[in-house]
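Same chain, two partners: subunit A is paired with subunit B first, then with subunit C.
Up next, the complex of A and B:
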């Protein structure tokens, strides 16, 4: 077949790919090399000035990035552990299995912003029910949203609650697709439930686990709505994440050129770090 | 090792329905200590169900299982001390070959010295000694299957080793060698080996006794020779042997003669008391030979085709619209068109209502 004919067939796909993926990235790169802001909203070329500013004069971005790393890694680890435990619980034949499976999925089906508003009310330090309940058992009120350290853990709690069901769903699907024979063989060998988990379930689940962890890490590193509604990055900047900081620079201060620089740098760092994480996880969990 | 008795065992996967269907119809059987058994039958005949009942992975709907006269029907798999090898190799990927072999003993809290001794002994037998420190996942499919088998053999007191089509993933040459290894292992350890297969050659070359099953029924238990020469039902005659036994619908002519069309065939069976109408004559293609001229028990057939299999020729011919297959010595000349075939009376099997008389 003539090469040109192939190109005709490829064109619709390529057009969509260029339109939705390549063009925005190229546009972002070009924007990052401009000084577009609310005073000069134009694509004036200023070279790598924005990048010099980012790497020499913006510790706030790097702080937000390391904070984001901590929040996303912690939430995903917790989601994995809890999600795996719940999936194991409803994997085997137990009473009300279907009921539990549905119950565990409810948080994922709710709207994050709405649920975060409810969580904010729940954690409210003077009016919220949580401190009220703790007060009844003699516990001093806890500064859930206004202590710089505790606020981070409050964000983690809400994120874990919201997204553990997603991890649960992936891991349960993985467990249900596992072959029976290795478990039968382990039973015949006389393995205890603990040994069965360590030597059969966990190794068999490794590829699915890596997939689930990577998907959740990608999602968790974009954390924005929870922080926005729950703490607005505060107190101070103690819960500010990269995406929230980029949002401030771009849509509050209208430094579009600089926000594009932050976005592109963030994208490159995420691609590199997720690739490394995927390789490390594969090496640790799948022994080929 | 143990004597395994299956007493009035039957099993249904839907026992609570109004009309349950039975994967295994009631039967009783004893597997003697240290013997080799093959369970042979087509897919879905209940072979694996029978094996899983013995290993405890399936609880029978009715009946009892006894190991050395002790009722183990209600014991779970772990408590039965049985070994089972599955169709596809099951190994612990994260472990070395040594750790794989040692695993059942570690689970049973054996001492390190005992584990070393048993693992070394079994790995010697299975020729895995040089791989003991290798990660098990890096071995080939047949070596992995040997590890699966080895995990069963490391336990000296194991009641029996059950194998569910264990050589499916192995290439034909290795299959032959592994079957020989299994026989040697049986002779060395006096392990009761039960081998499930749908491959008659595997069953014939491996077992002391073959159990032929069909649709949840045990249709014949016997030595490979008996199954081949005197199949108890037309199903066994058809299922065992390649090509299948020649079967002809026939009628009784005299106290020891039946007919194929207008030709009388003498048999060594006493037919004087047979009154039924559903009568079949069975004869193996291996026992039919070319006759130089027409005499008693010869039939003139029209040759359809001759296939050369290297060590023999398969002659497919017809007589009065009935097909007959015969294995002929490859050096023997076969004339074109028509040929006389001799049917030895002593090799004829007569079936009444599909059962041998």
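Up next, the complex of A and C:
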């Protein structure tokens, strides 16, 4: 085929994407070298002052980053285990199979912030149903949103509710595309369900699992909506994630220059750590 | 042993279903409450626990001047932005995906896979990183607080999804299909338009649904880049949350906002059970 045509197909999309993105990225890098804030809203040049501040004098950013890592890794592990279990359960024939499949998919179709608005009333400490129902079986009221430790788990619960369906969808789609022969062979050998899972299903699903985990980690690393509505990073800074901290610095305190420094550092760390995680997972899960 | 496993399975499925449905049931119940039944003690079942009213639903269509919350305009804004951005993303993404699946590109060390990865990797970009430059960029060209500005930003969010799904899909459409068309005298564009596209409808639907989902549920960009002129649905509902809005109208507006996409769950399930999704999501 003539080589000209292929560019006609590729370039519109590629250039639109690059065109929209190139400015923000260059601008962020340039902004990160400036002292743009509400007093001096201009693009001056202060060298790497912002970066020095970030690496020597800003424990809050690093705390928010470790908190984010904790939250996203925990939620993704939970989502993977639960999502895989659910996918295995509705993979083969069971009663009301299609009904359960639809139910299990629903949360990912709902807008996270809007559902979190409802979760907030659900977890309300005196007027919410959860503490009320727990109270009826004799459990003391739990401070879902105002205890620094419990609030983290509340965020995890909401995130698991919201995004397990996505993991479920990817894994079920994977299960449905598996070849039939290995399972027949295992059945002929009389393998128990447990051994069948360990020696047949899980290895076959390894590439799909890695893909699903990476996709979810990418999305989970952006946790922001839920935190924003549920706790606003509080109590104190106990549920503040990196994105939320950058948002406070940049668009509440208008330290644009410093926020750009945080953004750029955050992006670089994200890309490096996700690449490493992808490599390690591939090593761990694919033995051959 | 077998029986134990079955019991365990159904217990788990039931518990998970309850967990998924719980917030919806609570919201439905709350949307029919009044001041007394929200603030005195926790109530659940209408008629039994409290006397239901329609107040929470009525305010949705009233104008703010008359004490309503008016979510009709944000609703249409959301539909417009989501659909426009999805459509542009699908068209451009499908063309690019076709190119990446059928032709070989070579520029220095860059190969097809690298270009595909470039498209998809845009999802890694945290919204906050983009939102600050976009904020300044859009205010410079006067598109801050406008629907058009949002559409531009949403294309970045959605095109990676379209490319991701369509590349995999085209890879499974046999190459002989276009080759036959070319031998029959079509030019490459006709081959794509008349032969490949009609055979790609399931893939296009799946990609379209995912674009619509991820466009519709986005909150952050809409929150940063719009203020008063245009408001999208999620921003509107969250604004209600922070003000003194009572729970009943909050619940009603939340339910109305999430309802349309629940239909998408049925469509996704249909494609999943028919096996069309299996290769499209890899």
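Before moving on, here are some points about what is shown:
By our rule, the second predicted complex is superposed on the first by the 270 of 288 C-alpha atoms of A that agree within 3 Å, B and C clash if a C-alpha of one lies under 4 Å from a C-alpha of the other, contacts with A are read in each partner's own complex, and residues count from 1 in each chain.
Criterion: a residue touches a chain if its C-beta (ideal position, glycine included) is under 8 Å from a C-beta of that chain, and two chains touch if they have at least 3 such contacts.
The model shown is predicted, which means the values in this text are computed figures rather than measured ones.
For the composite obtained by superposing both complexes on subunit A, the positions of subunit B and subunit C are free of clash and fit together. Counted by residues of subunit A touched, the larger count belongs to C, out of subunit B and subunit C. In the superposition on chain A, contact of A:81 is made with neither subunit B nor subunit C.
In the superposed model, A:200 makes contact with subunit B only, not with subunit C. Once chain A of one complex is fitted onto chain A of the other, the partner contacts of A:134 are absent, as it touches neither subunit B nor subunit C. In the superposed model, the vertex angle subunit B-subunit A-subunit C (Cα centres) comes to 80 degrees (nearest 10).
When the two complexes are overlaid on their common chain A, residue A:184 makes contact with subunit B while staying clear of subunit C.
In the superposition on chain A, contact of A:46 is made with neither subunit B nor subunit C. Within the superposed three-chain model, A:22 lies out of touch with both subunit B and subunit C [touch as defined at top]. With the two structures overlaid on their shared chain A, subunit B and subunit C come no closer than 15 Å at the level of C-alpha atoms.
Residues of subunit B that touch subunit A in their complex: 55, 57, 76-78, 82-84, 86-88, 90, 92-95, 103-104, 107-108, 135, 137, 148, 151-152. Those residues of subunit A lying in contact with subunit B across their complex are 181-182, 184-185, 187-192, 195, 199-200, 203, 287-288. Contact residues of subunit C toward subunit A in the complex are 5, 9, 12-13, 16-17, 19-23, 26-27, 30, 38-39, 41-42, 44, 92-93, 95-96, 98-100, 102-103, 105, 115, 119, 122-137, 152-153, 155-156, 159, 163, 182, 188-189, 192, 213, 216-217, 219-220, 224, 233-234, 237-238, 240-241, 247, 250-251, 254, 257-258, 261-262, 264-266, 268-269, 272-273, 275, 277-282.
On subunit A, the positions that touch subunit C within their shared complex are 1-3, 5-10, 12-14, 16-17, 20-21, 23-25, 27-28, 31, 82, 85-86, 89-90, 94, 98, 100-115, 117-122, 127-129, 132, 161, 169-170, 172-174, 176-177, 193, 208, 211, 215, 218-219, 221-222, 224-225, 228-229, 242-243, 246-247, 250-251, 256, 259-260, 263-264, 266-267, 270-271, 274.
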